[in-house]
Structure formats: C-alpha cells, structure tokens
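Labels run A, B, C and D following the written order; every chain starts at residue 1.
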Amino acid sequence: MSSDATGIFINETHTDAAIWQYRVAKMILEGKTQYQTYQIAEVPRFGKSLFLDYNIQTSILDEYVFHECMSQPAMTLHPNPKKVVVCGGGEGATLREALKHNTVTEAHMIDIDEELVDMVKEHMPEWHQGAFNDPRTNLLHMDARQWLVDHKGANFDVILSDLPNPHEEGPGQMLFTKEYFQIAADALGEDGVFAMQAGSANENYPECMACCIKTLESMDCFKHVAGYYGIVTTFFQPWGFVLASKKHDPMSLNVEEIAARFASRGVTNRYYTPRFHNAVFTLPEWMLEATKNARILTDAEPFVWTA
Amino acid sequence: MSSDATGIFINETHTDAAIWQYRVAKMILEGKTQYQTYQIAEVPRFGKSLFLDYNIQTSILDEYVFHECMSQPAMTLHPNPKKVVVCGGGEGATLREALKHNTVTEAHMIDIDEELVDMVKEHMPEWHQGAFNDPRTNLLHMDARQWLVDHKGANFDVILSDLPNPHEEGPGQMLFTKEYFQIAADALGEDGVFAMQAGSANENYPECMACCIKTLESMDCFKHVAGYYGIVTTFFQPWGFVLASKKHDPMSLNVEEIAARFASRGVTNRYYTPRFHNAVFTLPEWMLEATKNARILTDAEPFVWTA
Amino acid sequence: MSSDATGIFINETHTDAAIWQYRVAKMILEGKTQYQTYQIAEVPRFGKSLFLDYNIQTSILDEYVFHECMSQPAMTLHPNPKKVVVCGGGEGATLREALKHNTVTEAHMIDIDEELVDMVKEHMPEWHQGAFNDPRTNLLHMDARQWLVDHKGANFDVILSDLPNPHEEGPGQMLFTKEYFQIAADALGEDGVFAMQAGSANENYPECMACCIKTLESMDCFKHVAGYYGIVTTFFQPWGFVLASKKHDPMSLNVEEIAARFASRGVTNRYYTPRFHNAVFTLPEWMLEATKNARILTDAEPFVWTA
Amino acid sequence: MSSDATGIFINETHTDAAIWQYRVAKMILEGKTQYQTYQIAEVPRFGKSLFLDYNIQTSILDEYVFHECMSQPAMTLHPNPKKVVVCGGGEGATLREALKHNTVTEAHMIDIDEELVDMVKEHMPEWHQGAFNDPRTNLLHMDARQWLVDHKGANFDVILSDLPNPHEEGPGQMLFTKEYFQIAADALGEDGVFAMQAGSANENYPECMACCIKTLESMDCFKHVAGYYGIVTTFFQPWGFVLASKKHDPMSLNVEEIAARFASRGVTNRYYTPRFHNAVFTLPEWMLEATKNARILTDAEPFVWTA
C-alpha cells in the first residue's frame, strides 16, 4: 500500500449487502448544520471528498460524472434553455454545469441548507468554480417544493432535481413523488425538461430509480421519459437519473446535433460527450425489468430508501 | 434492516481507497485448495456467492453479466466458432456461455486448480449448468499458457482468457503479458478472436485494463482491439474486458447482425443483448485517457495488481 | 500474520466507543433457535468460540475464567453447598463448575432455550464435559424467574445467575432487578449464597455492574454483598460479577481456608485459585465510584443495556 | 446510540484475533513527525485520545491507570527517589507521575521524537499538566539507550522505560533486550529500581511480557523482579509492566507503609492506591505459565511484536 494507507475510515452502509469503509488519508474539515453532519476528507485515489451524515456525496476524482449527468442531458435536450432551476444541489456543481450553457439568463438554486452552502462556498471551490457569484445566479434557502409551488406557471425551461435520497421521514422523501413531479411540471414551460437524480442503477438496488421512471411515465404532462445513468466510481455503483420532457425526445438527438449544440453554447464535457449520449441512455435489462415491476410513488406512499 | 442483517462479514480491500465488508447471511461451505481458499456464502441482495482468498468472485445475482461479457462478444464476432478454448474459468460459466453457440464442436477448458473445479461441479451447479458434462467439453488441469504453447498452430477459433488478476508473483501475472498474448495468437486461426478479463474499468483504477488494451494494440497479429465492460454489481464497479481479433472488427456488427447470429446459433443473453452491444463497447473518456498513458506489459515487466 | 489471517469477521458493537471485528479462521456451525442466532467459529488465538446474536459469549481459550468466576466464589463461600441452582448457563460450564464440589447432591439448571442447550450438548462438549449427564443434574427449559417463584422456601444453598445482559425488552431485562433478586433470596436457605454475572467491569461501562451491587446492597436479606471480576480476554475487558450472601462474608475467607475447602471437596481451579481470591474481590476505584452513583434496579425501571 | 454515534473509525489490529474500530466523535488534530503519524481524536466514552500510527496510545478516561502503573510502583518502592529517568514517555504523564514524589530533585526525560513532544506540550496539557516546565525536569531528544550508556555509573534512583512496543525493526526493538536492561542497571545506584511497560497481560498474548520477566529474572544485578498489570480500558486489555529492583522487594511493602510513603511525599493516586498494591502484583496463572515457557530476549534475538 501507499503512504496513504492510514487506519482511518468512514463507514457507509450499502443496503444489507455491505458496509464500505472509505479510507481517510486526511480529515480536512468536520462540522454540522441544522440538517446534517459533514466531513471533507482526503480519500486515497478519490482525493478531496465530501461526506454527509457519513455517506460519501462526491469526490474530486469524478464529481464531473455525477454533475454532468445531473445537468447536461436535460440542458442539451432543451432547444434554448434560458431559465433554469436547481432544486438542492448543495455543492454548486449542478449549477455550474447548467451555467455552462451560454443561453442561460437566470439560474435559481433552491437549497434548504444555508450553512452547508456557506461551507461549500469557502471550502469546496473546485466544485462551484465561482457559480455562486455568476450574475445569472439566484441562490435561495428554503424548501424547494414550496418554491416551485409558488412559481406555478413560471415557464422555466429546465428543472434539475439534485436532492437527497428519500430516507424515511427525511427531507428528500416528498421530493420523489408524483405530486412533486406535477408541481415541477406546472412550473415548466411547454418545451420544459425535468431531470432528477434517482438513486442507484445497480442490479441489487434498482427499485428507487425504477419507481421514479414508472411514476414519471404515468404522467400525461411528460411526453418523453427516459432513465439514464453515470458510472460514479466514488459511489461504487452506476448512478441513476431520470429525464422527463414535455415535448422533445432525448433519443431524437444524434451525435452531430449534440456536438453542434455544445459548440454553439460553449459547452465542453468530460463524461457526457456527444459520442456517449447513447451509452448513458441505454439501460441494462435489469432496470427495464425493475421498471415493469415498479409502483407509482405518491405523497401517501413514497419510496422508503434502505440503508 | 432485514432479517439478513447478520454481524458476519468478509472484508475485501479495494485499492487504498476502501475496504468492503460483504455481509454473510449464511456460510455455506469453506475450503482450501493447493492454490487458494474458498468460501461459498449467502450474501444479502446478492444471494449465493463465491469468495476466493477473501475476494468476491461471483454471485448468483449477476454472474451472467460477467460470464456473458467474458464469452459472448468474442463468440458472436467469430463468423463460425467451432473450436473454443477457455483459459481458467473455474466456475464453468464461461464454458457454459461458449457452449450456448451451437456451432461449437469442441471446447477446451484449462484450469490449473482441479480441487476448485471439483468443488464447483458439486456445489455450484447454478454456474456450470451441466457444461462440464457436455460431450464437446474437454476439461484439463494444467498451466493454461503452457497448454497454448503446446497447441501452437491449432487454429482455434476463440480463446477466452478468464484468469485471476495479476497479483505480484501470483499465478495470473504471466497471463497478462505480450508474450502470453502472442502465444494465444499463435494458437488461433486466421479468423481467431481472443478475449480476456482485464480488471477494473473504474476511474480510480483503470491502469490494468488500459495496459492490456495498449499491449494488445501494439501487436501486429491482432488487427482489431477493443476494450469493453460490464456493470458487475457484485464487484461494486464496472469490470473491464479486452477483445483482440485477427480479422473481424467488433464495431462492424450491428444490432440486426448480432440478433441474426444469436437466432441461428440458439443463443439468448440477458446482458449482452443485441441492443446492448454498442453500450458495452463505448468506453468512458477516462479509459481512453488511461490507455494513452499506459505501457506495454511484458514477462519482464508485468502488471502488478494493487490490493 | 499467520495462516489464520482470513478475511472473515464477526462484528460486535461495544458501546458507542468501538466495533470489534473478531476474525473467523473457520466457521464451524451456524443456526438459529427460537430465541437467538448462534455461530460456533474458530477464532485465531481464541480457538473454538460461541457467538450469540453476533456477540461473542465464550472461547475455549478462557471459558474457564468466566465460568470459575460465575460459580466458584459462591460455591466456595457456602460451608456445605448441596442444593444448587443455575439460572441460564446454556453452555453447561457453570453447571460443570458447580458440580466440581463433591458436596453437591442436586443441581438444577433452568435455561429457557432448549434448542441452544441441545446444540451445546452435541457440539460444545469441551464446555459441559458431561455435566448434563451427571446424575445430580436436573435440566429444565422454562423461565428461570418463574421457576424460582415456584420454589420459594426451597432452601437452596447456592443460586448462580448466568443470564444474558439486560437488553431493552430482552429476555434478561427482568432478571437484573430487585424483585428478581428477592425471588432468589426467598428460594435460598439461611446460609444461601447468590452470584450473578453483572456485565462489564471496565471503566468506560461500569454502570450495569454498579447498579447490581447497589441494588443487592439495598436488600436486607443479603448481609454481605461484594462485587468481583475476572479478566476475560475473550470479551476484551474485565467482566463483573456480584455475590450476595445471607450469612457468610466472602472477605472472611483466607487462602488457607479456601485451599482446605477445595481439597476436601475435590476442586481444582485455574483462575480462581486460593491466592487469587483477594485479587478478584479488589475492585478498582472506578467501580467503587460508579457504585456510589448507581441506582436501584426495579421491574419498573430496569437497566437498559447499551449496544 | 448517542449523538456521538458517528461513522468515522480508526482501525487497530489486535493480533490475528481481531480488528478494533475505535469510533471517532471528532477529529481534533492530525500530523506526522519524523518517526510516526498521530491523531488526537474524541472517542465516545473515552474522550480525548491519542493515536500513534493508528494504534491508540492513551485516552483522558484512564491515562492515569497506565501512567500510575508506569511510575508509581517503582517510585514508591525506592526509599528516597531523588534522581529519576524517563525513557520515552512522550505525553509527559509518566514524568508527571514521577514528579509527584517531592523527594525528586532531578528528572531526565529522554524521548527521541521532539516533534511529538512539542505537539504534546501544546495540545495535550491534560497529560503533562505542566511537568515539562517543572524546574526539576531535563528534557532531551535523543536515543534513550545511548543516553543511558553515556550515564553509566550515574547512580540514578529510578529508571522508567515507557517505550514503544518492539515491532520488527522498529525503534523499540533494542529497548526490550537483556543488553538494554544491563545498560539501565549500570546507570542505577545500589537501591535502584527499573520499571518498564511490557506489552499485553492478556491470556491471548502474554508472550512479550513473559519474556521481559524471564529476561530480567535471569540477570544477577536485579535481586527482585515482579510483573504487574493495570486494567487499561482504553487498550481493551490489561496491560503488563515489569519492575526490577536491585535491593528492595516490592512484595515487602504493605498497605500502611505505602500509605505512609504517599503521605510523606505528597502523592495521591487514583489507581495504584495502597489497598490496590497487592492486586496489581497478583498475576493470573496464565502469565506465570507463559513466563515458564518464555525465552531470554537479546539484541541478537529480540522480541518481534505481532500486529
């Protein structure tokens, strides 16, 4: 082992199947907000990493994979994204990705945890890269769902739902339901595109993502729904996302069109490149199977995240 | 947690970054051969699983992902695979996959660990599914490299190299080198296709796979070399493979052609389906980058697997 | 590390301070009764060991320490122990220790878990050493507290309470209370001696033992109460016991008297030897302090064991 | 679990038998010296704790147990300890304990790791409690063995050897040998007393302590040699020490004499109290057995600490 082979670990439970001990080469910062505890730590081979409530959230190695997946397919699909909303998105990197598109004129980020975002501003500049200071940015700290309710009919172009997993009675639980998705739809314009992080895309735990796909597919307001995934090394699993679009079909985009949009909007990606579009939208059979067997998530019967 | 939430774990070290504790719901069988220790254990959400030297090898949940990737792209690419060789492949599932192709007339499996294969025959029937008893099968227990040397000019159609990672001074180390690949090439016919498992495809540890690609690309005998990967949930990472072909280009196969070959040969897959061919061969940028920076592996300077 | 350095562990939580991963060199037997799960496993340096609900109970290395402490001080203090009761004591080793005293004419063991005792009879002969077949033994499977209620006035000489820790709503919780101790007292004769396992004697978790001492000291029926401990390597801590005696004072015994009693009764010990009597009864200051601050345990407010 | 139930751990290997995961409630300080890495961390139920190379060294809960054992028996045995030497003793707490005796006129502490001691001075005042500033203290940073060689014939009264375990080729290895003990003897006066920390006193790993006892017993210069131990909760085991005395017999001290010496010298202890003297010097049978089977440690064949 290298000189990074310390004896310090942060233990994360992954379903019933495993506990993952992430090695800490160096503890950089620890703290607690009203909503969660956090650690910034150096992890060997991952580099600077953020843990929330002792679950890894992101590492400098591949934060770009998660955040490009979170933003770029939806942003790219919209023919002219001007008004964008990021729900959650604490590190500011989803916002950063949206702002890459020079079509954007206003970007609202609604994250309830002000203390965490303040910490991120100071200690995680590699993530936001100045996005919080972009003149197009409007940063607010309140409940994202309520904010969308208050902006019904606002005709947003893209809504990016970068929210915590729906742990039992956790802050994310009512943000993975049909009612929430409808609220988002009602705040989108007629070309509107919604995208969300939807949990694991792994074969041992596809249920959450499958239910999100099923629920969005059940809604008339979204004409096109497509699950996709990114290989997030830091999470030790492929991570799932769902895109729901009122008008435009993500599968109608070809390599040339994507490349053209990137070029005209000044976008360069490292993971969601034009040639990789089809790969991220090609789900393994297990996810298709799980979606068949999935149920519709509602406020009354939301998803309960395991471990 | 479910009633499977025991306190028993098998700990596997994953690079310097992490230790993974796989939970054991039930220990089914433990033993030791001349070459390795083994456990068959029930793991929650993975089911029946095999561990060798305390590293997970395969689980009933998704053994099909690994073994289809190990066999199917190479078998499918060859226009008429009759004579097949599996190097290693203890569980018999790579053999099983090769035998799915009804074109096959002889399948040689060369695995040095006879005790392990004997155990597998009795205790892991879900994996081999009778492949060891197929009349086309020729099972041998000796060094696979030496066997290939002895079969120079044998004009095999497909060689599948399902061998242990190249741990320092381990049995796999001289089976990830240019010299070994040349020996394989010399035993293949002019349409011959070689495929190998090549280690992690993850962004935090792409080096082994990248060096395998680079090494095979450096060899004149193989006209087409392509890395590909399968999402192996059981390994908590995408797993890498490399295909090297003397004549036929894997990227020349389209969905219809693959479907036609499957139909005519009686093949049905669950992971490597026709529609998924392009997805498995589309490598993330990090693997392309790593390959640029990779080196050629030789007997004198083999790859040294970390952790 | 030795060849025992496997990657298999049983994880036990020790208060909030630590998780202990006991290494399993070999899993010998696993099972489940109506009351608990069990594993018999080979642990390096400890040898054959029993785990109940994934907490280590005993190992062949030093089961004698625990079981001599559980039985010998009380048995030795009684001038002529004939009628003995073991409450709990699944492995049969507390019984075995009591039967060492050739004064004993009847030994009742009341353990509610018949399936576990049946398993022990067959698979843990090193513990019981035939004690279950001793003609003086009367083995019953029912609630020990109820059995003692039913034997009020039976004039037993010694009652040994070898029961599980008082986990919240667990089977042991009402067996660490003043009411239970009174029931025991009522079943003892006038020379009667009661002894119990009382949890950790460690400085980071002395509360349970301290409360047991305090509770027994508060009862008029016991004239002499003394905490003592054994160094149980297998538990990674000194383990606490409490002796409560109606008439005889354990501190009145000197080395010569103990040696004489051992000789006349045919007793040989490895831990509780005559010279060691004073050492086991000399509690560290922290336990004396904790006892001052302890409370009286009742059925209404029992002890709640942590982790 | 309490609010201290974080997911951060420092993992320490304890022989082949176990890995202990100490929970970190808060990481206070991390660093590295020329000789070792260190962490100061808050551990639930242990409080502020020091880890060196990821092994726990001391916690505020019971550092007094270790440090009183390290100093007080030897200091108390000497009829008039004036000149004292501490070899090692980084935290300054062994020094602090020695200085409690108002007979002391000079106390030399020889610890090779200046960076660590500098850190301790600033960040661990609860340990040294100003001892480094005591006018009687002479703090030096060099090899303790060499310093003692240079002080042959210095007629020191007490030498306290508080040194790291003899890991293979580690800095402590040549400080657990007969040659080193002879050097210490040669620096002591005719009433001189030597004491050392000697490793675990546990039944599963008594070998190091047993060899230290055996080696010191083999030397004519020490008329009285006695092993003793303290229950160090923080180490999850009783910890062993050996006292070797040129003239005075530790077993000749009785409660009254010890109390009188404490009174006249202004000493108050929490663990090594007069009534506890006999208890600490009463070794379990396993240590007596291990000592019979132990070997003499020499520079040529030193002890090799396991894990």
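Everything that follows uses one rule, which is that a contact is a pair of C-beta atoms (placed from the backbone, for glycine too) under 8 Å apart; a residue touches a chain by one contact, two chains touch by 3 or more.
Quick caveat, the model's predicted, so the values are computed rather than measured.
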Turning angle required so that subunit B lies on subunit C, C-alpha fit (0 to 180°, nearest 5): 180
Classification of the subunit A:subunit D interface as same or different, half of numbers criterion: same
Approximate Å spacing (C-alpha centroids) for the pair subunit A, subunit D: 54
Separation of mean Cα positions, subunit D and subunit B [Å, integer]: 54
Two or more partner chains touched - positions in subunit A: 9, 21
Touching pairs among all chains present in the structure: A-B, A-D, B-C, C-D
Contacting residues of subunit D [partner subunit C, same complex]: 1-2, 4-5, 9, 14-23, 43-46, 61-62, 65, 201-205, 231, 233, 236-238, 270-271, 273, 275-276, 278-279, 282, 284-286, 306-307
Of all residues in subunit B, those that touch subunit C in their complex: 6-12, 21, 24, 26-27, 30, 37, 39, 51, 53-55
